[in-house]
Every structure is written in structure tokens, then in C-alpha cells.
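Common to both upcoming complexes is chain A, partnered first by chain B, then by chain C.
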Partner chain A sequence: MNWTEILAFTRGPLFQVALVIFVAGMLYRLVRVLMLGWQKDKVPAKGSKAVGVVKSFLKGLLIFPFIPWVKRTFTKNPVIYLAGGLFHLSLFVVLILGAAHMLVWKSLLGFGWWTLPLPIVDWMAAVGIVAMVALFINRLFNPVLKLLTGPAEWLNLAFVFLPMVSGYMLTHHLFFRYEVMFSIHMLTVDFLLIWIPLSRISHFMFYFFSRAIHGQEFGKRAVNP
Partner chain B sequence: MAEDSIYERLKQQGVTRRDFLKLCGAVAGAIGLSGLPPVQASGLPVTLARSGYKARDQVARVLETKSRLPVIWLEFQDCAGCTEALSRSHSPTLVNLVLNAITVEYHETLSAAAGFQAEGAKHNAMEKYAGQYVLVVEGSIPMALDGAYCTIGGRSALDILKESAAGAAAIIATGNCAAFGGLPKAKPNPTDAKGVWEIVTDKPVVNIPGCPAIPEVFTAVVAHFLVFGALPELDSLNRPKTFYGKTIHDRCLRRPFYEAGKFALSYDDEGAKEGWCLYKLGCKGPTTYNACASLKWDGGLSFPIQAGHPCLGCSEPGFWDGGGFYQGQSAPLSRPDLTVVGAAAAAGAVAGVAVGAANQAQKKAAKKAEKAK
Partner chain C sequence: MKSVEAMNTFVQDTGGWVASQLEACTRCGMCAEACHFYQASGVPEYAPVWKMELLRRAYEQKFTLIGKVKVALGVDKAVSDQDLEEWSKYLYYACTVCNKCSMVCPMGIDIGSLIAEVRAGMAAAGVVPDDLMAAVNKQVEEGSPLGVTDDVFESRMEWVADEWEEDLPMDKKGADTLVVFSSIEIMKFPTNIAAIAKILNKAGENWTLSSKAREIVNFGFYEGSHEHTKMFLERVFDGAKELGVKKIVVTECGHAYDAIRWHAHNMMDVPDMEITHIVGLIGEYVDSGRIKLKAGALDNGKTYTFHDACKIQRKGGHINEPRQVMKILAPKSFKEMSPNREEAICCGGGGGVIAIKDADALRYQTFELKVAQVNQVGADTVVMSCSNCRLQYTDCVEHFNLDWKVAGLSQLVADSIMD
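The block that comes next holds the complex of A and B.
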């Protein structure tokens, strides 16, 4: 088995299997959460819940990232706030606005979009990797995080970190031949896809739910029973 | 039989000493010997050149003393495109020299003889030059039905290959078909086509994949064998490192546009007219190892990417099944079947509903039990 065949396997059958497991797993998780049920709201609301939800999203995405110092989450844990924020921004830029990744979306969805020039995507990838390392070190030494961190959290870090590093090495042709790095990148991505539904990385989906629920709580302006 | 040396033969054809040495220099350059500026620039040992060593002279010495290299050229499941490319090559000096330096004893497309005469000539050559001749194979070998898919003179390709390989000094598999199975091996591979090196394992096999193989690469490998009596350094897929050491992407003239994020999005948009990168049109340059971007075709005139077409990756194993030619390189090989994805999603949802319902029932039961207390 040569590397071209390994690449064909990781880009082909393995990726498909991983994608199918990812879709099935995420739907399972979603249905499970939905079936936990909504608590009936018996208190008349003075404000609008919908407005609360919209405000919550807008604040979280457009306002607080630019004035982080007003938030206690920032002043108490600046490393997590900054590194975490930059990490997520980097993920968005690289995965959505990188040419190579856009072509993956295009092949899956059937349509593509505008992409950023490689040097910008490249710098953002580097930022993401540095942020990831900072978060890792923080997790190693922060006394509170130490208590909260188990094997699953370390695995989360590893599963996310490996595709990022292998992807960076791939675009820069570092250490190995291109198809070798490509295979490793695809392999780690396949593992990540399978791992996501099993882990808390699934917050990429549940984040929007929790933000919506918090938003309506903020918006309704009523006494909670 | 004491044949004339290659130089003697060239002299008889009216080649002057000056022209001869020029050709030697060209050969030395083609096989990557040091002493020529481009070779020095590529980082090969310069010490050789400094100490008065002249690669050209080494080549000249060999061509002055050695007689022509006997070659037997077999064609199996092929289109003769590699032969066409070689015989119509636009770099006549080099190719002429090598074609002068070899004596093709058997070639189905080029030989005047046919039928039993041609087969007889081949057998004579194989006996006469046993252990010395270079076997060139063009086209893949079918393994299904005991090789019945390709027979020549009533014998299967597999049979002929094994017989000819036994007495060969070295084997050159030219083109993707002979090297990796090529088009005949594309799914569903009805003939169970295979490349030469999957069948012949006890002889040195050098693969010169490409569709067709670059003529200059073929001539350089032959020249290398002639000068050193051995095959050049090979990579893990048995391709000569000199020519298959870098990807098309690495040496592509459109590479700066890739770095700058300037891509052609169709074949007639502004980007295509400006000569921007063809990555988004499905160029396989990043994973394709070949010399197209540096040697180019037709005597250095152009190559597909320069002419505005993305690289198909024709020097890589299984390139016919390596995803759509016009689909982005980074994209997965194929989209998962929508029904499979739908079924998986449904299965996930059903499992979620089942477990969720079970949980709810358990909760209700627990509440009832608490109330009853």
C-alpha cells in the first residue's frame, strides 16, 4: 500500500464513513436534547423573548468581542477569553474562507463562495495553533481547570489539534511529502468527525441553543418561579 | 559481435566532434549530472565540477567506447501514445542521440516486420543479448481470464512479459498504464489490469508514469543506463527522483497566484484570461510528481497548466479514480450517497427518539412513585 492509495482511502471511503457517523451521531444528540423538553412558562412576560434572543446573539458576536474588558469572564480569565476567541475565529476563517476547505464544502453542498488569499488564511491558522497551545498550557496549570479536566478533555484537545497542525504542515510542505501529510490530515479529520458527536466538541451545535435559551430568559423580564 | 561504438556510428553519419560533445553535454544535463549550471543551482554536489570533473567528458567517454544498447519494446493494453510522444518529440538532438544510442530490436508500432517474422526477430534478439537488453513495456497487463484479454501471436501479455523480463538487464515501464495500470485499471477494471512492477519483482523496474510519459525523461533514463550501466535513483514508486522529485505545484508558473489567492473560476472568466491559478478548477498539481512544469512539452514550448488546463495528475497511481478531473483537489473523492446519509440521519434520529422516550417514561414512573409515597 503506497501513500497515494492511503490518501485515496482517507479521502474516499473513510471520509464517507466518518461523515455518515457524524451526521447520525449529531442527529441523535440533537433529538436527545430536544426530547428533554421545554419547561412550561407560567409567568406572564413583560418583555419580548424573541428580542432577547436576537440581542443576546448580537451582543455575543458583534459587541463583546470588541470591548471584552467589560466582561468578568475576560478580566478573571483573560487567557481563556482571548485564546479561546482567537481560536474560534481562526477556525471560522480557515474552515469557511480557506480555498481548499471551500472546495470541500462545494463538493458536498454543490455551491461555493469567495475565499481569502492564502497568506491571510495561513496567518489565521498559525494564530489558531498558538491559541490552542496557550489553552493547553492553561489547562495544565490552572488549578480549577485541573479539577475539571479528565481524559475526555485531553482527547478533545488532541483530536482538534492534530488536524490543525497537520493542515498547517501540509500547506507548508513541512517534513514530509505532500501526499503523506495530506493523508495524515485527512485521517485526523476523519477521526475528529467521528469523535465530535461523542464529545463536547458538539457544542458547535448546542451553543446556539444555550444562547437562545439564555437570550429569552434575559428578554422576558419576569419573575422566575 | 563487436559492434561499432556509438561515437563511431555518429561519425559515420557526419556528426562532428564538436556536435558530439555538445550532445554529451545535453545528455549529462538530462540525467542530472553536475557540471551544468542548472544542475548546480538545484543543489547537487558542486565539488565534482570544481575539481575539474566534467560530466560531459564522462558521457563522451562512455559513448566513445560502448556499443548501442539493445532495446525490446513491448506493447500491451496501451494506446501507443508513449511511442507517439517519443517518436514525434520536438527535441531532436537529445532524442536522436538516444535513438542512435539504442537499437530497437522489437517494437510493434515502429517495426516494418510483422507476424512470425517480427516474433522471430524478437526471440533472436533475446537470445543474442540475454542479460544485456533493456526491456521497455508500454501498456498494462491483464490478469483476468489467464490474460486472455490481451494476446499477441497467440500468447498472453503476462506470458510474454515474464519471458522477456527473464533475460532483461533492466525494465522500463513507460506511461501510467505500464507503471500503475493506467486507464485499463480504472474502475471497474474488467481485465484486472496491473502495472509491470506488480508482476515482475525480481528485476529492477523503473516507472516513467505519465499520459504519455515525457519523452525527455525516457531518453534520460536510457542515457543514464547507458552511461552508468545502472538505473537512476528512484523514489518509493520506482520513479526517477531527478524528474519526479518535485510536484507540479512546486514548480508551477501559476504558483504565485495560488499564494496570492487569485484563482480562475471558469475557463473563460477574467482570472483564466489573466493566467491565474487553476486550483479551484480541479488542478491536481499539488499531489502530482512529474517534470512537466520544468521540462514542459514540445521542446519546452508549453505544458497543460501553461495552456490553461488544470493538471490531471497523470503520473500518479490510480489517477482515473482520484476524484473528478474538474473537482477541487482538496475535496473528498466522492460525495456520500444522499440516501445513505438520509438513512444514517434517520437512524440517529430514531435512536434518539427511542432512548429519549424511554428516559421520559422512566422519569414519569419515578414521579408517580414519588407521589404515591
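The block that comes next holds the complex of A and C.
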């Protein structure tokens, strides 16, 4: 098997299998949580739950991750707060608005969209990698995170970090031949896709539950979420 | 084994509501930044995420494949009796269930509610701290954690009526509004009772006390036991039903308001009547002109600030009314602490913490955050609408030898009502 064949395998059959495992795994986890049942909230509301939910998402998606002083609590640890926000922004920009990834989406969904110029995407990718390193260092030294971190947390960081670094090296033609680097990138992506349903990286799906619940709980009480 | 029973309680009504939030947690540890106990002490185990760790483990091991595999591989351990003893300290000594953590959680997880779930497990396992449990048992047996029996209640109320010359209607059939005081007010802050009676009488409210629904305090809610919580709520509702009132007013008590206003309906059948807090009622009276306050009555060169109670402001929604009142009474000398309103730092004495002797050192340490906040605005008087906060402030003012005055909002309102 030469590198061309390995590349064809990792971006072909292996990618498809990984994708199926990813989608099936996430669906399984979603259905399992939904099947646990939802008690109806009978408490008479003081304010609007809907308004609370809208505010909760607006804060969560737009303001909250980027402006630490909106919630005055973060004055003590702004670096880590910003690193988390920037990491997710980078992820969004590279995966959705990067031309190479948009083409993958297009091949899967059948339609494409506008993308950002490469230099911007490239810089955002670098920002994401730096943010990831900051988060890694934080996990080593923060006393609370030391308590919370086990093998699963380190594996999460590693499995997310590898596709980011290999992707960056791929675009910059660093160290290895194109086919080799591309194969490594695809291999790490395939691995990540399989890992996500098994791990807490799946939080992106439950985010929509917890944010909505947060908005309801605060909106019901007529308090800003 | 205690832990088995507790685990079943952890997960018995772990519906999707709890499960989806546990699944959303990324273990980022940011909630620690919000917790006043962690901020004051630096003990990592006091991080809110760690307090709900037992719930996560119990849930994963019972409901998820991954959790079962983890136990089989030895990556995760089943919840043991020792774990319960250990967590009992984190949950009752170092948490006021103030829910500030949910404000900073990037995922928006309602951590306070999840911690209350873990307390329910603790209650089932019988690992609630002795002091707190003694108070719960006293409330079960005598009807009050502070010894407010039928006789004590009657004589205290008669005394207040005589001393302050206020009319305190008792068991009045046909009254619209039932007012239920907390035992802290009855035993420690009787001026509050006189003040609230004065406000209601001036507003022309058709109100009553009930000898059956004597007090609103709910130590079962601190404990986390649904059974006890319901038992104490039932006493209030029975009294209200008997008198046929349309409205229940909770006085300056935080957790009791949380229990009866935001939890009762999901735990039991609640009679169809409005439930509100005295602060909300004062706001209504001022808005509608049923009471008139002397503008600038407190502008006497001293500085006033308002302490937001976690259960009445952040969790109760009565954030604007106290400010509305303070701006009338002290337009020049009212100053806000920072952070405030829904982001306020909790007093550190709520959630049953102040009832636990062994938690005293930590409670005082945590209050240092409030000392810094109040000193920053240079306040002479700290105003609040919760008697539990007030108990904590009064105790800490003595402990730290501070020269602040501590005042209840109703008291200030009553003192400044125009005839």
C-alpha cells in the first residue's frame, strides 16, 4: 500500500465509516436522554420563559464567550476564558468558513456557501492552536482542573489537537509530503469522529438543551439569564 | 449499604431535564470562579462541578453504556459510603445553593438545581450534618426549628401587637391574604413583624396570620428531603385552605420563598392561590400609591447599600423593587455593590450553612468577600430582604467587629411610611 492508496482509504471508506459511527453514536445518545422523560413544569411563571431562552442563547453565542467582563466573575481568570472562546471561534471559522472544509460539506450535503479568504482562515487556525495550548497548560496547573482531569480529559484534548495541527501542517506543506500529511490529517479526523460520541466532546449537542433550560429557569423568574 | 439507597434517589427522577444538563458539562471548571466558598478558601473540592460529581457518577453508571464500561475498566468507581460522608461536607458546609455558578457556566447548566438533587441523595442516605438534621427533626416534631410552638407563637404575636401597637389579625376568616413569617423573625427580629404589620395595615390589606400556618421556614428544603419539604409546605397550605385566602405572602425569608414559590407546584398539589414575597408586595403598594414613602427620608449623610439575597433576588426575581424603594428613601445616599443584582455574591450563610456549627470557620472566611464589597462602597448600613442573610450579617458584623448597621427592607419602609 503506497501513500496515495492510504490517502484514498482514509478519506474514502474509513471517513464514511467514521461518519456513520459519529452520526449513529450521537443519535443514540440523544434518543437515550430524550427517553428518560421530561416532567412538566407546573410552576406559575413570573416572567416569560421564551424571552429568557432567547436572551440565554444570545448571551451564550455572541457576547458571553468573547467579553469576559460582561460577567464580572471572570476578572480573575480572563486568559483561560478568552482561550476557550477563541478556540471555539477558530473551530467555527475553519470548519464552516474555510474553503477546503466547505467543499467537504458540499460533497456531503450537496450545496456549498461563501467562504473566507485563506489568510484569515489560516490565522484563525493558528489562534485555535495557540488557544488549545493555553487550555492544555491551564489544565496542568489549575487546582480545580487537576481534580477534574482524568485520562478521558487528556485524550479529548489530544484527539482534538491532532487534526488541528495536522491540518495546519498540511496547508503549509510542513515536514512531510502532501499525500502523507493529508493521510495523517484524515486519519486523525476519522479517529476524532469515532471518539466524539464516546466522550464529552459531544457537549455541542447538549449545549442546546442546557442553554434552553437556563433561559427557561431565569426567564420564568423574570431574571436576566 | 447507604450508598445504594442514595444512588437510587440520585437517579430516581433523573429525567431528561437533569440528564441533558449532566451530559452538557464539559468539566471546564469555570463554575469555581463563581463560587464564593471556593474563591474565599481556594479548596478545589468546593468547586460546584465537584459538588455534583456524585450525581454524574451515579447517573453515568446507571444509565449510560460508557459509565458501565468505565466501572468495568476501573477508570471510575461505584459510589461508596465513604464518598457520601466526604461529599456531605462539600454539599452542606460549602454550598448555599445560591446558583451563581449557573450564571457563569458557559453551557448554562442549572448547577444549583443539580446540587439540590445530590442533597436529596444525601438525605436518603442519612449523611446530613447532625446540627442541620437536629433542626429538621425539631421542625417535624414541634413544628419549628427554633421552638415556635403554638404557645410561643401566640404569646410572641400578642407581645408584638402590644409593644408596637399594631393590629395583628389571627385566623381571620374571609381575609384575602395570609402572611406567614419565618421563625427567625418571630424569635430574633420581632421588629420585622411589627414593621410588616404596619405596612399591610397602612395599605389597607385584608390580611391575617394563621395559628396553623405559623411559620414558613422549611428545613426539609435545606436537607434536600422531598418528604420533609412537602410535610412543611403542607402545613402552610392547610392553614391557607382553611382560611380560604386568595394569596400567601412570604415575609423576609429566602429559602422558604424558593421552596413554596418555585418548587411546591412540581412536588405536590398546591391550592389555587397567588404566592408572593413581601418585597414584591411592597413594590406593588408603592407603584399603586397604596402606601406613600417619605422621599429622601434616609438621606442623612450616611451611605446605604443593598445586599441581594440569592433566593429572593437572583432566584426570586424581586430585583427591581428594593431599588425602587431605596431610590425613594435615599436618592442621594444609596450606592450599589459590585457585582450586584442577579450576579451578586451570596452572604454565605444560606442553604442551611449557618445552622451547622462545624461550618462556622468557613462561613466567616467566605463572608470576607462581602466585607470587601461593602467597604468598597463605604456603606454604613447594609439593607436586605432576607432574614437568613440578616442573621449571617449580624453574626459576622460581631465576629469581624465591623461598624455597619444591618437593616431589613421592610423595617426601613415601615419607618418611612407617610400617614
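Note that the second predicted complex is superposed on the first by the 213 of 225 C-alpha atoms of A that agree within 3 Å, B and C clash if a C-alpha of one lies under 4 Å from a C-alpha of the other, contacts with A are read in each partner's own complex, and residues count from 1 in each chain.
Rule of thumb we're sticking to: a residue touches a chain if its C-beta (ideal position, glycine included) is under 8 Å from a C-beta of that chain, and two chains touch if they have at least 3 such contacts.
As the structure is a prediction and not an experimental result, all values here were calculated from the model.
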item	value
Touching partner for A:Leu198 - first (chain B), second (chain C), both, neither	second
Partner chain(s) touched by A:Glu5 [first = chain B, second = chain C, both, neither]	first
Contacts of A:Arg211 with chain B and chain C, given as first, second, both or neither	second
Which of chain B and chain C A:Pro143 touches, first, second, both or neither	second
Partner chain in contact with A:His172 - chain B first, chain C second, else both or neither	neither
First (chain B), second (chain C), both or neither touched by A:Arg29	both
First, second, both or neither for A:Phe182, with chain B first and chain C second	first
Partner contacting more residues of chain A (chain B vs chain C)	C
Which of chain B and chain C A:Ile21 touches, first, second, both or neither	first
Chain B and chain C contact sites that coincide on chain A, given as residue numbers	29, 32, 34-37
List of chain A residues in touch with chain B within their complex	2-5, 7-8, 11-12, 15-16, 19-21, 23-32, 34-37, 99-101, 103-104, 106-108, 112, 115-121, 173, 178-179, 182
Interface residues, chain A side, partner chain C - complex	29, 32-39, 41-44, 46-47, 56, 60, 64-65, 71-74, 76-77, 81, 84, 142-153, 198, 200, 202-203, 206-207, 209-211, 213-215, 217-218, 220-225
Interface residues, chain B side, partner chain A - complex	236-237, 247, 249-250, 258-263, 279-280, 286-287, 316-318, 321-323, 327-336, 340-341, 344-345, 347-349, 351-353, 355-357, 359-360
For the chain C and chain A complex, residues of the former touching the latter	13-17, 19-21, 23-30, 32-34, 38-39, 42, 44-45, 47, 49-50, 63-64, 66, 75, 100, 102-110, 113, 261-263, 265-266, 313-317, 319, 338-339, 342-343
